[in-house]
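What follows are several structures.
In what follows, subunit A forms one complex with subunit B and a second complex with subunit C.
This part shows the complex of A and B:
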């Protein structure tokens, strides 16, 4: 149950309340409630904790209160004690005028009802809910506080370089990149245009035109996707969703929300925490999304299958996929969009493969709020040819700017072993190109125990300094939003759910406490799932993240002196990399030649889409 | 006429729902109009505490159900003639509706006697009201004309102890009904041949209250006295009265307790064995103002057992035949295990009850 923390201004009718701990060690909650009730002007008597149920009933009867509220931790045996207590209240005549309520660990409304209480308050209930109950304001008090409006993560940022030296280099390289791409095209770029035309024709009811465009589109596809367009034979490990499954997603939205949310949502509502989904099945995704939103996630990120990045062309229709990654189609996206609650920020990632521009189109058509584009990671860590992704990436950023879609620029190539200085240089170049194209990029440094950190001993003592240094250096360089991910905590989590959740939560808390605009978290089994990600594992990390944020509160986290040293060294490293790329005078060649990550680092220029770039 | 039949338990997981389902089915098969509600929460998929699966509540077509509105809305059963009873429980307002077809429901009705009486006003005059119990709660069952009690290994795996409990509960439920109190006349007036009267309002359940009553009876002097006790009576507190009177007073005293269920709500029920014997030996009469007929007891060998290694409850069962026979052999109250013996015995109790009511 959730409750507004601010009370109405008018003074309530004065009520008489008796509070009774039925458990000697569990009267803290009652004392807190007493304080809140007294502040509201009610007459409150807190009974001592060592009374028998009979004595509590006798004392309450003598006081003739409007409410008797008891607290007791529930277990198999103690629940009978509470049921007995309810009988005593009833048979003594106390309930003729007194409402009885119970609170304590494990208490839920269903349990309160089963035991016979008029109301029940569990550990997730704020004391204000008990006060609201006393004042007869349940309807107003039990009110969903899940944020109903979206946040523009880029609002208020000028994208001006604070570090002129680095800024000038980024601008120089980015301009070269944009100019280089200007006269080039690719099947990915062409398909994106056809997709937009096709969907516009469909929307206008011009099926003939749509069909003709579709034929052209199919001619630009490859592999199993082309086969599907030609023969209708499904891509391996996929099947069309049934009508029943499609209906189930709609029903989830219609009836799935009581408005009662866990306590963790109160805390997470103040932050922008994103989770990643992509179970393969849109129905399951819808459940995972709803569960995550209930536990406080503000945003969700669509993950598609890895083969989708390596295959020319995207399918049409509502598909289920047997393995990880939910097939990227407009129908699937629209189904998922239908399951989102108001205020949910939705990112459809487009950063790494042969369908990047078209994915931005689909994100726009489906109503997504954000996308994800990065030329460097996609080229060096995700298998796409650098020239191809440079052309497609520039077109994607152009489209994102046209549709008003902000996008993050990831640095996940760090996971391959690329040092942060190179990854950040690449991210800054791409982000600068994005700004030049009129877009609103969001920097996405990796918060992780990266191979570089492990080898250089940067995280030997703690995981704070290295990550805090990344934030600091980026803020010193440019006035841009920062969204660590994706997700945070890579290579710090183990298969132990407690350990994994804790690491995720602490990384998320660190990012948010030192000023990140958003953060992406994994589920507790994501790194070691060995199978589908489970719903409880999502709850693990959302609740742990809420707990960590509650723990730090406004006290914040202070990195050690070492963070400054790392930041300085990182800044110098970024500068050196940018100088080398600028000197090379060709961004795409720099990718092939390893200036932004080489084989020694673990980065390999991708081969998917090689030799597909054409001059217009 | 309206009949009220309660299915009460001695603890959680003693088989109330299973018993309820049999009773519902049987009464419906007789063509009786049934109005069902729960004084707690029943019909959920999994137990609120143990997490173990629970029997679902299936209601036949035409059954009138009083339950919280959100549960009516969530039910697969379509309800017609919905009426707001004005009673609010922990899960929302209690509504009454008629099931247009058979199906599963979750029951969450009025939890206090006062609210139960309000909800029962929505029951038709010619029907049987079925009250589904919760945990070991008994208090609202005072409105029931007849009771079926569910007990079993979840209450105690000790069959001997269970048999003793069943026996003493049976004895308490069979205490003589004292007509004067039962007639609704105000006690405290002239009891006629009964002699003087003492009224004890608020029951006898706090230490010292029994002693105080004893002193009043001693101070009352010789002669027959009728003591009317309205409220809960704890056996140990009642015994205080007997202890005070021991050696001081041998004149007849009739203790009239408003309802036998009020003797089962505080203290160890087994303590009544000695206390009632002692009262009888001292020549005193213990009676009740009104009562509910105990039709029989259903016995359930099921017991949720907590496994500390896994942190979960697991379902365990005592040997059903031995468990039932051990209890049956030690009590005069009719007992059956519905799963082991089938529903025939339970039906025979219900048949007798219905016949008696009809006559």
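This part shows the complex of A and C:
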């Protein structure tokens, strides 16, 4: 990140400047301007606060400056005071040799000019602009750029187990899982292979081959998706994008808005803050992405409709959807990619349903940087049959490794009520399998007020200890990247915009300050279910997250001693769960039998895709 | 093109309405949105405190997959 606010190298003509606060106390802005002016070699006199306008004019007249710059922070009576000040300057003859300017928190440039000042500076004006004015230069535009390069969230991690006891168990179970899946396939796995072949045929211009593959692909689809392949009848609540809508995305990219970045958000360039998009409409998504990046988001995550996870097969073409979630197709993804900046990290989530391997392929073909793969949450909390998702998940991780796509492994089953010890055990097993398959998984603990935390009173006093303990225990177990989500602060946000944004920001700041590689944040609409997320709601949480990070700075956040106790208890719990799964000797059976979350916890083995796993 | 068409998705209005309770506040809030011409309006948040309610109202101008301004008229140069 760089700001184009550097001063020119040449020494300016020395000017005499008087600075005066028209307030009872000093405006820090004037002191900042004084420092900058002195650094540039100018002669500066800063008058004390609480002088009357008459006194300021009299003192300035005696000093005979080139410039008299006054500031006003208090808004009450500003225009009357400044009007009187200008009259006094005129009457005293001061303006015959002195230019007068006004600035400060209560100032607007147009107001200063209306009142007769030679120049006016608003509250957002950088001190460099005042210095440029004195030196007779045009103030250089203070343009802040967003990062131009992406970050590899997995760089520098060895994936070695620091906790050998837990590591040995994870390896034993993960090897069993990978071996179990080796001779199995599913419609999801088959379709992924067909999709890759089909797109390769299309890229090679072999439409005949593509058409034949498409026919086979359609035979492996189900429900409304199969109907669309057979008859062309759209899936409910979807319609094809118009040419104008498609053009709008290009226009947005070319429209010149990408340089308008609020300076207040520059701090987010130092962190990896992701937002989730999926309004249903790729054009609306492009707008939401564009403004989120302007307000400092480093990455964006594609959310598809919930029916996409429960229906066999993915559509083709550019579709708009009237409800939450943007339809997952290669065309939609390629359109949305147009809205990204060069340094934007882009995640296409694949994790929980019947199209997981194919989604990894689409993510790769569309140029995504990350994907999301999970077996346990999808099986126990998102309605997919455990055996099916185990086969598809293993294939997905194999594909992600082949394409060099890192992926997070979520623990969203905690939201169903599954305790963290079980969710973490599941996450560690899946991540270990991913590493065995050559991949680069990222651990994704929930940073939330989970049902377990509420019932056990773990967040009764604060929201720091439980979440910090999760990070600590994971770091003690394995050297792997951690990306809390998704989104952080879940179940702490309300429909109150201020409360919701604050909770999100504090959870994000906590995660980033205690060493997370990235965070995913919600909008301030997170707890509002009455309609789609709006653009200002997205900005709300990016603004508060930037403010929270600015507030904590390098001072950090310290958990209480209770966090250590929670971490120890969590480690023991994870160990016990892993022992039980290892003893069972069958990871998939463990999912069905509730070792990683049972009905009492709120976890139910899913039914979508049941009995679709076949031996090759 | 009306300014309303320049709104990307929804327009929120946050205020304090002097009233007897949450239900009355919501009713008055929705009436206000109707008076302002928002046909697709909702109460996002409403909380009683002292003499009335702090309320946030939302009027959706474009919901996803709606017929957008950019799909019905020639695009204009952006002024922003």
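The definition used in the following text is that the second predicted complex is superposed on the first by the 482 of 616 C-alpha atoms of A that agree within 3 Å, B and C clash if a C-alpha of one lies under 4 Å from a C-alpha of the other, contacts with A are read in each partner's own complex, and residues count from 1 in each chain.
Criterion: contacts are C-beta pairs under 8 Å (C-beta built on N, C-alpha and C of every residue); 3 or more make two chains touch, one makes a residue touch a chain.
This is a predicted model, so every value here is computed, not measured.
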{"item": "Partner chain in contact with A:350 - subunit B first, subunit C second, else both or neither", "value": "neither"}
{"item": "First, second, both or neither for A:84, with subunit B first and subunit C second", "value": "first"}
{"item": "Partner chain(s) touched by A:110 [first = subunit B, second = subunit C, both, neither]", "value": "first"}
{"item": "Touching partner for A:54 - first (subunit B), second (subunit C), both, neither", "value": "first"}
{"item": "Partner chain in contact with A:242 - subunit B first, subunit C second, else both or neither", "value": "second"}
{"item": "Partner chain(s) touched by A:92 [first = subunit B, second = subunit C, both, neither]", "value": "first"}
{"item": "Which superposed partner A:119 touches (first subunit B, second subunit C, both, neither)", "value": "first"}
{"item": "Overlap of the subunit B and subunit C footprints on subunit A, listed as residue numbers", "value": "none"}
{"item": "Subunit C residues touching subunit A - in the complex, by the definition given at the top", "value": "8-10, 12, 14, 42-45, 47, 56, 58, 60, 62-65, 68, 70-71, 75, 78, 80"}
{"item": "Parts of subunit A lying in touch with subunit B, wherever the complex brings them together", "value": "54-55, 57-58, 61, 74-76, 79-80, 83-84, 86-93, 95-96, 106, 108-120"}
{"item": "Interfacial residue positions of subunit B with respect to subunit A in the complex", "value": "11-12, 39-42, 44, 48-50, 68, 88-91, 108, 111-114, 134-140, 142, 202-203, 205-206, 231-232, 234, 261-262, 265-266, 304, 306, 313"}
{"item": "In the complex with subunit C, residue positions of subunit A that touch it", "value": "237-239, 242, 244-245, 248, 251, 255-257, 260, 279-281, 283-284, 287, 320-323, 494-497, 525, 528, 530-532, 534-536"}
